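I'd like to ask you about the structure that follows.
To keep things simple, chains are lettered A, B, C and D as they appear, and every chain counts its residues starting from 1.
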Amino acid sequence: MGREMMFGEAIAVAITEEMQRDSSVVFYGQNMAMTDRDPYVRKFGKDRVRITPISETAEMGIAVGAAMTGLRPIVELYMSEFMLVAFDEVINEAPRMRYMSGGQVKVPLVFKAGFGFAAGWAAQHSNSILNTMMGIPGLKLVVPSTSADAKGMMKSAIRDDNPVVYLHHYMLTLDKSEVPDGDYLVPLGVADVKRAGTDVTIVATAWMVKKSLAAAEMLAKEGISAEVVDPRTLAPLDVDTIVQSVRKTGRLVLVDQAPRQSSAAAVIAGEVAEHGFRYLKAPVKMVTAMDTSVPYSAPMESYVLPSEERIVSAVKSVLAAQAAAV
Amino acid sequence: MQSKEALGKERLIWMFTQMSRIREFEERVKRTFVEHPGVIRGHAHLGDGAEASIVGSLTARQENDLVMPSYRCHGYPIVLGTDARRLMAEIYTRKDGICKGFGGSMHLADPAHHFVGTSGIIGQGIAHAAGAALTAQVKKTGQVVFSFFGDGSSKQGAFHETLNLAAVWKLPVVFVLENNFYQAYTHIRLEDANFMAGDPLSQKAKAYSIPGVTVDGTDPLAVYEAVGQAAERARAGQGPSLIESRFYRFTPHGNAITVPPVPTQFQEHEAIEVYGNKAEFEAARANDPIPKFRKALIARGAISAADADRIEAAARAEMDEVVKFALASPLPAPEDAVNYVWA
Amino acid sequence: MGREMMFGEAIAVAITEEMQRDSSVVFYGQNMAMTDRDPYVRKFGKDRVRITPISETAEMGIAVGAAMTGLRPIVELYMSEFMLVAFDEVINEAPRMRYMSGGQVKVPLVFKAGFGFAAGWAAQHSNSILNTMMGIPGLKLVVPSTSADAKGMMKSAIRDDNPVVYLHHYMLTLDKSEVPDGDYLVPLGVADVKRAGTDVTIVATAWMVKKSLAAAEMLAKEGISAEVVDPRTLAPLDVDTIVQSVRKTGRLVLVDQAPRQSSAAAVIAGEVAEHGFRYLKAPVKMVTAMDTSVPYSAPMESYVLPSEERIVSAVKSVLAAQAAAV
Amino acid sequence: MQSKEALGKERLIWMFTQMSRIREFEERVKRTFVEHPGVIRGHAHLGDGAEASIVGSLTARQENDLVMPSYRCHGYPIVLGTDARRLMAEIYTRKDGICKGFGGSMHLADPAHHFVGTSGIIGQGIAHAAGAALTAQVKKTGQVVFSFFGDGSSKQGAFHETLNLAAVWKLPVVFVLENNFYQAYTHIRLEDANFMAGDPLSQKAKAYSIPGVTVDGTDPLAVYEAVGQAAERARAGQGPSLIESRFYRFTPHGNAITVPPVPTQFQEHEAIEVYGNKAEFEAARANDPIPKFRKALIARGAISAADADRIEAAARAEMDEVVKFALASPLPAPEDAVNYVWA
């Protein structure tokens, strides 16, 4: 059993449940918990729920030190780009402390941020910087696409003993879907087949899952059966599930909101070029943002971002392509 | 520099005119969300309430001095001579926009009018402004750079690093900390250690051994004098100063953040919406810098009530025209997006 | 004609020549130009050559503002990881200003840093974060492997009207090789075949080029002819030269000092999976650092980093592999 | 807390002992580069000259208080009770190292002895220390955190952001700014705006409206008192303080940076090597905190010359043993490297 929940709500429920469960979980960030009427403050008090100044280095650095000494901080960072002013904490502090200490400390924390806000926020606020946080030994990267995953993976992220970056896509905030009741956990590091199919594998993350599912629907009407795989966790990446899907379909389209060479898609394509090569009947095809920043104006913005139409035509092109080696 | 008492009638009228123009422009931006929903995208931040501080500061400018504000940047170019029609067209996502529809409200730029550009990321524009001052220093242009940023931004590492380095290098830059008592929805009493202790934010200057002054940002002449002295100091090669200019913003931080197609508008000011503190908001509104300056100018004999009315009417008429122009301007072509990636 | 030069020296010569040529070039950073005896200070004066505090955000942010207003700053950052405390300036300020302004400004600057110091500097100072700066529209990323390239590409980077990150590998600092005399420029965005071959393509950058050339030498003794391609510029990436090489050899090994999914190699493999697929006779193979941080102790450090032996055996495995599609 | 005058003989002897142990340990590290080239890798930073400051500070600790220094971190764990043999083994890249050979000189950690860990990236450890203080505050453990960092590090954004937030949250942390007048090869007069203006660096505290004190870091009792008062304040819930402790480091920043297999060693101090200022260096050496404290203790009647000799000899003997242990310890197995990536 479950109930319909908005994506954003599912995240809030997960945080609330985990804070109830474990008193070492603290939650802070900018522009939250401003008054005593804040629901988290009401439930958990001002010690565990706090507001911060615009000080990402301190916010994230304090989380690292707190995690090393026994708290499990969740830091609300709002937009993934704001992490960049203190990116050292994300990729060069939190994931290194355990290793450098020879296993003496652990750093259980969650850096939570939205991303990919394709709604006129222009070049500095609309990015998809997922690739920069992949493949960092010691760092997990979670990117849900449904309310159930949003809840289940936030709970897993909070319980994880490693630093986890949890990115939620702004365009999904109000999307409603069913979330199982109770203590629902989704394991980190396990991809999910969001739609089964036989002719082509589409790998996509977050908002791109939604677009890919819509594209798959359009393709189904033309008799093309697309399988949509959502890695859900980009680090560690479940290469195996992706390769198994390619084994079945023989064809791979990757959809990503970032420009091509800064996309998670490129990294996944690289893995498949090594581990799934023998199953491929056609070149992989990436559907990504164009090699521009995201412009402000709507016609230009939608021009540079991946569309359902571009996904559909990419699928058709890999289906048309010749089988491999000359 | 001229003392504020010595400022001529013409200059004072210019100041009042610019303040009125900013106010009318921002009113139009706000109304657009109601009258033409969807025409403005993303996040827009208004400068109503800041007019005295902006215009007072820029009155201290000399020809060729550069200006680098934050993402809350509509007011400055209006004063600097940028075509307000093209500013509005940019905010309206249009091809005739000052940035051709690439930047939007947060990223206006008009280098031809000494408005170099802005960053939407907190604190970074402070460093960029110091960089422009480095250019002025190395090229010996005699320019001073006017850097504007918020109270909230003064808690970002970029503020600290830049003020120290600007002091060490004696860069010709004036740092104007616009303290409007809020960073987004957060009241300053929740986040600034100086404020919590009852100290002015200008005290931060002590960490860099530079002058630090707090000034009434609703009085354009007081701001002019404080910023002007700092600019003189900078121009004389004595390095940067920090001016804390205190005023209130009359509109909430920005239009509400929604997910399309849910429409977005400006809500009530955070004082009321978040903190339920109507008294604070109303006291600030009662201290509106524009009628206050109007009254002071009339008292000083610089202007008659009728002249003031005419100036305000002209600003209204201009901004009606501005909206019309912007609405009529075409959208950029989708393929335009591939331009300007590389120089 | 030319002369033998150490890698580090070649960079210094390039900077000196360009500063002589163009008075708008300035050069600053930490722990340089400390006294009037400094060679750059002596030549160019204290206005154009400066020392800074440990303030990467200010150092790079000031460079952005200076570049927007008419200077061409070179910022000495020493180690690429130090950029991370101010990474926003690298990937979200410098490359965005021109685009956001609709082409009104340009941002000609060079962020110069060393990287990959595999000499006991441990987890926070030995990284290879090249992938994080690839595919950012408006940002160039230059990674030379020879003294000639080091000089010629530094000169091109300084003259380029876009922001350029210039990374030099510490382990190459003292390597000597010939540098052409005079105003020697190497264009950005053009890969270089460092060794021609017919059986397999090895793509590698910086120190890994050196290791790959040594591996190619070992392979040659066994009658295997390896072509070594050095992209030299990772952004923009010269996919074409790489694909042309694969077209010739049919096999691809990528060597990279970063862990696999945070490597430039993965991105390049992804491109080849799309654009070079039809030429591939075997799966691509990546030789990267293991999925660990870099440990301090020598035996562990060399265990996790790519070695010539691992390159050789990767080449042999792709030569042994079956041709593609099932 | 006890006043410095009231400190008992035993405590004073403990202080002198710890200072001697640090000095002897660091001497061994330095000599290793000469006597056993290649045994130490990467970059090592020594604390000779800092002994009075380190020990004076840690004398103010209470049981369970935490310590978070920077990468220049050998001295603190020696005082905290970490096995010096395992510290040296770590620096020597060995399996018996306190971090099993994973961390090295810059990244020592011994949480079991209240030494949580360090970062090699400037300024970040300041934020980590405040994080440990957040844990103490939320869990109400009564602990105070001692944060140590250099004069150069105080110019990093992390310093600014952390001090403000620690003040806003009244975190139980003492910030000890170790001013040794150099950041790597750069003299402080080239990079700190306070210093250039003749102001103390403790003046930076004004930007956060917290207490700021400058103390003679070559006098362990003066340091003890200043840090102790700050710790009392922190423990009482009144928040952080900034202590500027001034002393000189006697060894250059670190061993010279070379490319293997070119051997690396410590060169001459930057005062001489870079700035040709032998006088500065010799004046500092003449003010060595260890003989100075020895003399003061003897004058105070806390110790005899013979006892002092015995203590120094014991430190020497201990550290000879330490080197032997570390040299005899095996290297880690290559495959050990895959451990400890994930918790």
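Here, contacts are C-beta pairs under 8 Å (C-beta built on N, C-alpha and C of every residue); 3 or more make two chains touch, one makes a residue touch a chain.
Note that the structure is a prediction, hence the values are computed from the model and not measured.
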Chain-chain pair with the highest tally of contacting C-beta pairs: A-C
Longest centre-to-centre distance from subunit C, chain (CA-based): B
Subunit B and subunit D, separation of their C-alpha mean positions in angstrom: 45
Separation of mean Cα positions, subunit B and subunit A [Å, integer]: 36
Chain centre separation (subunit B, subunit C; CA means) in Å: 41
Multi-chain contact residues (two or more partners), subunit B: 97, 99, 101-103, 107, 119, 121, 123-124, 155-158, 161, 164-165, 168, 190-192, 341
For subunit C, residues that touch 2 or more chains besides their own: 52-53, 55-57, 81, 84-86, 88, 92-93, 99-100, 122-124, 137-138, 291-293, 295-296
Contact footprint of subunit C on subunit A as seen in their complex: 57, 81, 84-88, 91-93, 95-96, 99-100, 122-124, 127, 129, 131-132, 134-138, 235, 237, 250, 258-263, 265-275, 277-286, 291-293, 295-296, 322-326
Residues on subunit A engaged by subunit D in the complex (per definition of touch): 24, 26, 47-48, 50, 52-53, 55-71, 73, 88-89, 92-93, 97-108, 137-138, 161-162
Sites on subunit D touched by subunit C in the complex: 40-43, 90, 93-95, 97, 99, 101-104, 106-107, 119-124, 152-153, 155-158, 183-187, 190-192, 259-260, 262, 274-275, 331-338, 341
Contact set on subunit D toward subunit A in their complex: 66, 68, 97-103, 107, 109-112, 116-117, 119, 121, 123-124, 126-139, 157-158, 161-162, 164-165, 168-169, 339-343
Complex contact set, residues of subunit D against subunit B: 155-161, 163-165, 167-168, 190-194, 196-197, 199, 203-204, 206-210
